[in-house]
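Chain naming follows the written order as A, B and C, and within any one chain the residues start at number 1.
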């Protein structure tokens, strides 16, 4: 069994941002030399997500608006988490909806994807350094 | 390390439908000959889910109604994604709630499940051909 | 390839409860002797979750309140699932939001985590025996 590990780093300009990381993941897989196995890609921070959905900016705007409807930022005082001096409780909730991680099949040295699958880093409390982990195991 | 890959195909009759795929996954595992490892099962499309929950039709009706409350289909014009000629933005959101994939432990050649765990394909934009991937690695 | 399997058992005092299981998972990893691989940790029951988020009691109260807003317990009669004598439909829905499982990278014999990642068992229909599965594969 082979294993491979690498990290991606992000500092977004906005609090909430979605970044397509499919190409960086494919590059990591190539570097690993693994042909058959499983690839885990997860946010290493708890106010961020890694998820697979459509590479369509309109949908990403819909997602941001929808997450604010399900768990609004304001008023910040509605969350006990924010009593301790934080104001990012809603970002912790958004990450539960969007998920922490994806596990991707590796077949013939490729990400084994359907036609529209693209991987995104979802930032919900940005403007500071955040990391994503890629771990691949296989042969 | 052994690996095994297969696909399931679905064309649902309704836009939203939940289909029990536990038996098909168990069959794939048997075919693979793998006794200890991990099994990944994921939707290959971005308006569908694979998830584990109860095999109870009343609950599935509750889920469909609940997803429509959290992200309603109508009016379609509330979503920017639909401005480009689509009308399935809500299906992309439902898939985030229900999840893309499950990872299942394989122990003694069996799906290592609790008493009520059953795997479902969740279709949110059906009536067309969609695929599910099963990838198993282990020994 | 090595594999390792163990279970954790919980009987919570309250219907809804979040329990930090990070140490128990780290102990299982140590027992396994696996240095590089993937660790799956999943609820074996369909009204419970395993998830990664912040070890902050205020946030856990926010989560419980938020889940009740997204899928309230009362009135129980709003759910078809409850017509069959159950009253836990909302617990099945909460588990979809919070997720069934986490997959964690194992690197140098450690849980490969970011600075704040902690693993929680999320119980939504407690006061009875429930199990969590830990499965590790690697070398």
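The definition used in the following text is that a residue touches a chain if its C-beta (ideal position, glycine included) is under 8 Å from a C-beta of that chain, and two chains touch if they have at least 3 such contacts.
These numbers were taken from a predicted model, which means no experiment stands behind them.
Viewed as a network of touching protein chains, the structure reduces to a complete graph with every chain in contact with every other. Relative orientation of chain A and chain B, expressed as the C-alpha superposition rotation angle, is 120° to the nearest 5. Centroids built from CA atoms put chain C at 20 Å from chain B.
Taken residue by residue, chain A touches two or more other chains at 1, 38, 70, 97, 99, 103, 137, whereas all remaining positions touch fewer.
Interface of chain A with chain B (complex): residues 1, 36-38, 51-54, 56, 58-59, 61-63, 66, 70, 97-99, 102-103, 105, 107, 112-117, 137-139.
In the complex of the two chains, the chain A residues touching chain C come out as 1, 3, 5, 38, 40, 42-46, 70-71, 79-84, 89, 92-93, 95-97, 99-101, 103, 131, 133, 135, 137.
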